[in-house]
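Following this line, the structures themselves.
In the two complexes below, chain A is the common chain; its partner is chain B in one and chain C in the other.
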Partner chain A sequence: MNKRFLYLLLLPGILFLAAFMLIPIMLTIASTFVQDGQLTLEGYLHFFRDGYFNRILFTTLRVSVVTTLVCVVLGYPAAYYISRTSARKKSILLALAIFPLLTSPVVRSFSWMIILGKKGLLNTFLLSTGLIHDPLEIMYTPVAMMVGLVHLFLPLIIITLLGVMENLDYELVLAARSLGASSFTAFRKIIFPLTVPGLIIGSILVFVGSLTAYTTPALLGGKERVISTFLYQNAMTLNDWQAASVIAVIMIVITFVVVGLMNKWANRLNPKG
Partner chain B sequence: MNKIMGTVLAFTLTAALTACGTSGNNTNGANSATTNTTTNNAVAQETDKPAAKDLVISTWGFSEDFFKEAVYEPFEKEYNVKIVVEIGNNAERLNKIRQGSSDVDVIYLSDYYAQQAIDEDLFEKVDRANIPNIDSIYDLAKAPLGEDYGPAYTIGRLGIAYNPALVKGEVKSWKDLWTAFPKNLTLPAITATAGPMIVDAASVVSGSTEFNEDQAYAKLKELDSNVVKYYSQTSEYVNMFAQEEIAGGPIMEMYFKDLKAAIPAAVFVAPSEGAYAVMNTLNVVKGTDNKELAEAFINWQLSKEVQEKSAKGKIDSPVNTEVVLTEEEAQGVTYGADVIGKLRKLDMKFVNQNITEWTDRFNREIGG
Partner chain C sequence: MALLSLEQVSVAYDNHFILEDFNLQLEKGQLLSLLGPSGCGKTTTLRLIAGFLNAEQGKFMFSGQDYTHVPVNKRNFGFVFQSYALFPHMSVYDNVAFGLRLRKLKEAEVKKRVLRMLDIVSLNDFEKRLPQSLSGGQRQRVAIARALVIEPDLLLFDEPLSNLDANLRVNMRVEIRRIQQELGITTVYVSHDQEECFSISDQVAVMNQGKIEQLDHPAAIFKYPASEYVARFIGFGNFISFENRNDEGEDIELSTKGFNFQAVKRLNGAGNKGLLGAIRPDDLQLLVNVVDSKLVSNTLPGTVQVSTYLGRSYQYEVETELGTFTVNQEMEEPFRQGQRVTVYFPKEKLVLVQ
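Showing the complex of A and B:
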């Protein structure tokens, strides 16, 4: 078949993306540089000079970074275990792991209220054991937000890591062991470097997901605001689309920077990856 | 590796953008279907009449079954129209008509959002001669946003609900918010419909006879350490109340039944300084082809028949003065000329002029 004809098959998809994604994004970005018909950076300067906005940005980044780290720490061993079990057990464990993704964020957030609330399971348990005397205030704090986000995104990192781990050649480990490496050295020198791509992709997905999550921070987050709820307030209740666009562009830039940094880091850890 | 990174980059960018756009829906209970079509087959199948016109109604979507059965279907039959319903919260639906991308004829909005639409010239002026039922509703509801625009079809009130086991002393006035709720209070977020009312209440409590913004904010700041969360959705309030995360706070009377269901000892009070009137209005959207039909619909929503059914079903408080309710039927409903007469009403024009600044101050000085 003519090669040019094959390119034509791409056309509908590209046109669709251009019309409904690229052009709107470009227009959104362009609109942030224009104020009263003049080209200006004022929209951005206004935000970055503002201590209040910087605080929101800092909270958001802190929550996203901690969520990502916790997901990595919890997800990596879980994915490793799942990848090494029998096929039947694997499918059950995988189904359990992705279960949180199948429930609505609203239901998920309300269920955390039952667990973390003043009269929730955790506090009731801790009070009954005498470990604490006053209920811990976890709900409506950044900690509750992080717990909710880890719950939401842990499946993502497990799935991405599992994809990589399942394709590992474990004979490499056996070879290393036979040459005298301890199991920890074999893990450090062989398994970990080979799973770095999955780790990076998973981390990016979790980080960006946490950065842009709206429902979970809105329901669990209490008085501290994050960038997505701030954007929503500007766009939907104050009808200030200019400010909302500026915030959206800042979020996009943060995403690009983080992806770029992680890419660099991944190349250092696994140059041949 | 780089190929993978490229794919991830594209994916994350999409995720970042879609997350901004869609997430709002999840919190107002309209996750999936934002448009909903109500048809009446009986009307459509009658062949001797001309094909039914569409009348597009934009509304919140609560108590959908009630509205379908008691409001839309009888109207469809009488006027040989097909009612199409669009659902969403106030802000979403107002934005839709702002962008001109919708063919809504009649819109249900709270007075606060309706005022924004009026300021932006998004409504038709109504012809009161086509809405004769206006004569039988409370004066307060007749023209809440001016003679040119639609009436309020329901007036609710914002008072204080509380769990008697968790408050210190009695709660009778707005002042008691400052003393009776040790670290277990919720207040509406500034951008919620009731937000500006709390700013006004704080000004009243500060002792100022006229509205004083600075004093109100100073007073609200005092209260902040006792606030667990500023709620945007009533469902959040109900959940916090049921889980005893909060002892209570300001809430609209119509939602009190949900609190009572969770905690039977719950109490609702109209504060002594006056509860706030919360009005929901009906208006005709600019550019409609069905203006008279839209006005007929507004008239129907004000009729004694609909008002009585919706009051008895505890869906909306009535504004039609001919509606008579027994004491039991009136429970949880804002009902009676004396109750309506005592309500405080905010000037929505004034609120809209100040809301951006109030929101900014609230964000910076008080809390989310």
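Showing the complex of A and C:
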């Protein structure tokens, strides 16, 4: 088939993206540099001088980083186990791992409210065992957001890692073992380095996802704000579209910087050069 | 005493036995090949010896010690995989150095040994390359170097040449044999290429469904298979079931359906047991004259059914009273289909199997 004709097939998609995504984003970005008809950085300076906003930014980054770390720590061993079991067990475990992805974030968040609330299951249980005397304040804190986000993104990192681990040739491990490596050394020198690229991609997905998530932090965070909920508040409650645009641009920039840095890191560590 | 011995070993995958009461002995410095059709348990045997698999029953003795439960990493055996299994994130140098570094040698000593080993496999200038930038033959040599550099007590090869093209395969097998003899390393080699096995081995074990059918020197197996299975496997395409056998004379006298045959008696009785005659298509001869086979022994009258051009020779399917025989014969003027001929069985080539 004619090559030019094949390009033509891309056209509808490109037009759609340009009209409904690229152009609005450009306009949004452009609008943040203009105030009262003048070119200025005032919109941004205003935010970074504001202690409240800085706190929100810090909370957001902290929640995202901790969520990512917890997902890595929980997801890596799980993915490794799943990759090494028999085919039948694998499909069951995989279905279980993916299941949370299939329920709506709203439903999931409400379940966490039931568990984490002041009179929730967790507190009731801990109080009844006498481990604590006053109920823990977990609901409507960054910790609650992290719990919800970990629940949300764990499947994602497991699936990503599983893809890498299933492609890992187990004979490499046997080769290392026959050369004198203990199971642990074989893991450290062979499996781990070869799965680092997957780990980084998975981490990027979780980090960016946590950074931009709205429903979960909104429902579990209460008055605690992260940038996405702050953005929503500015736009919808305060009707300050200028501020909302500035926040949106800051969010996009952070995303790009983080993805760029981690990609660079991934490329350096990528064994296949 | 044998260096390596498997005694009554059984191995199972999910309660399905692949090896049962398996026995194998190997002397120090020898190269033994396991030969057999796909799925007969060659890889399983090798992995059992390497320690990747555990035996359900039986004992694995090595160097007079019980190795049955010694873990893989304590065995000091080199393993060369069919897929080579080179570490993709390490250079050629680091791949070869892997085992030495685990042995906590000084880096200077590691370097000396790695470079010497790369020299032996003629990969001197390749230290810094990554495995995926090497050709198949080069990867294979890295895999061998990596297994050899730890000075293994036993070297195990699982079809190391099957991914290479025909020419390279021949060169590499000569190379493997040279290195193995030079360093005097006891070796178990798996392949289903018969020529490969016969050309590099001191001993060949022909396997069938988890059992060793015959273990002998390559030439002995090639000439005197002990069973019908081995005979078929190594290319004895023609069989005659005899009814009577008489060992009193100079030759063995055989007969069936009024036809008489003679087979040469051999020292130590190799290829002389049983009532089933076997002969290779290359060893049969077709004669133009039709003789009275009831009077002339080792002949059978027949009719050419199919004639196939093989390049070097013609292959004929000849129908006789004792069944159809396959004959390979080189000649100027080929036989026609339907032509009456005499099949001649030279008595030195006729082997008896059980």
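Keep in mind that, in the parts below, the second predicted complex is superposed on the first by the 270 of 273 C-alpha atoms of A that agree within 3 Å, B and C clash if a C-alpha of one lies under 4 Å from a C-alpha of the other, contacts with A are read in each partner's own complex, and residues count from 1 in each chain.
The working rule: contacts are C-beta pairs under 8 Å (C-beta built on N, C-alpha and C of every residue); 3 or more make two chains touch, one makes a residue touch a chain.
Note that this is a predicted model, so its numbers are computed, not measured.
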Query raised in the report: Does the superposition put A:T229 against chain B (first), chain C (second), both, or neither?
Result: first
Report summary line: Comparing chain B and chain C in the superposed model, the one touching more of chain A is B
Report task. For A:I138, decide between first (touching chain B), second (touching chain C), both and neither. Result -> neither
**Report entry** Touching partner for A:L57 - first (chain B), second (chain C), both, neither
**Finding:** neither
Requested in this report: State whether A:L194 touches chain B only (first), chain C only (second), both chains, or neither.
Outcome: second
Report task. With the two complexes superposed on chain A, say which partner A:L156 touches: chain B (first), chain C (second), both, or neither. Result -> neither
**Report entry** Which superposed partner A:D169 touches (first chain B, second chain C, both, neither)
**Finding:** second
Report summary line: The intersection of the chain A residues contacting chain B with those contacting chain C is 273
Report summary line: Touching chain A in the complex, chain B uses residues 1-2, 4-5, 8-9, 11-17, 19-20, 23-24, 26-27, 29, 31, 91-92, 95, 98, 116, 191, 224, 227-230, 232, 236, 239-240, 243-245, 355-356, 359, 363-364, 367-368
Report summary line: So, in the complex, the side of chain C touching chain A is made of residues 50-52, 72-79, 81, 83, 85-90, 98-99, 102-103, 130, 132, 146-147, 150
Query - Residues of chain A that touch chain C when the two form their complex - result: 169, 171-172, 174-182, 185, 189-190, 193-194, 271-273
Query raised in the report: Which residues of chain A touch chain B in their complex?
Result: 21, 25, 52, 104-106, 110, 113-114, 117-120, 139-140, 197, 200-201, 204-205, 208-209, 211-215, 218-219, 221-225, 228-229, 231-233, 236-240, 248, 251-252, 255-256, 259, 263, 266-267, 270, 273
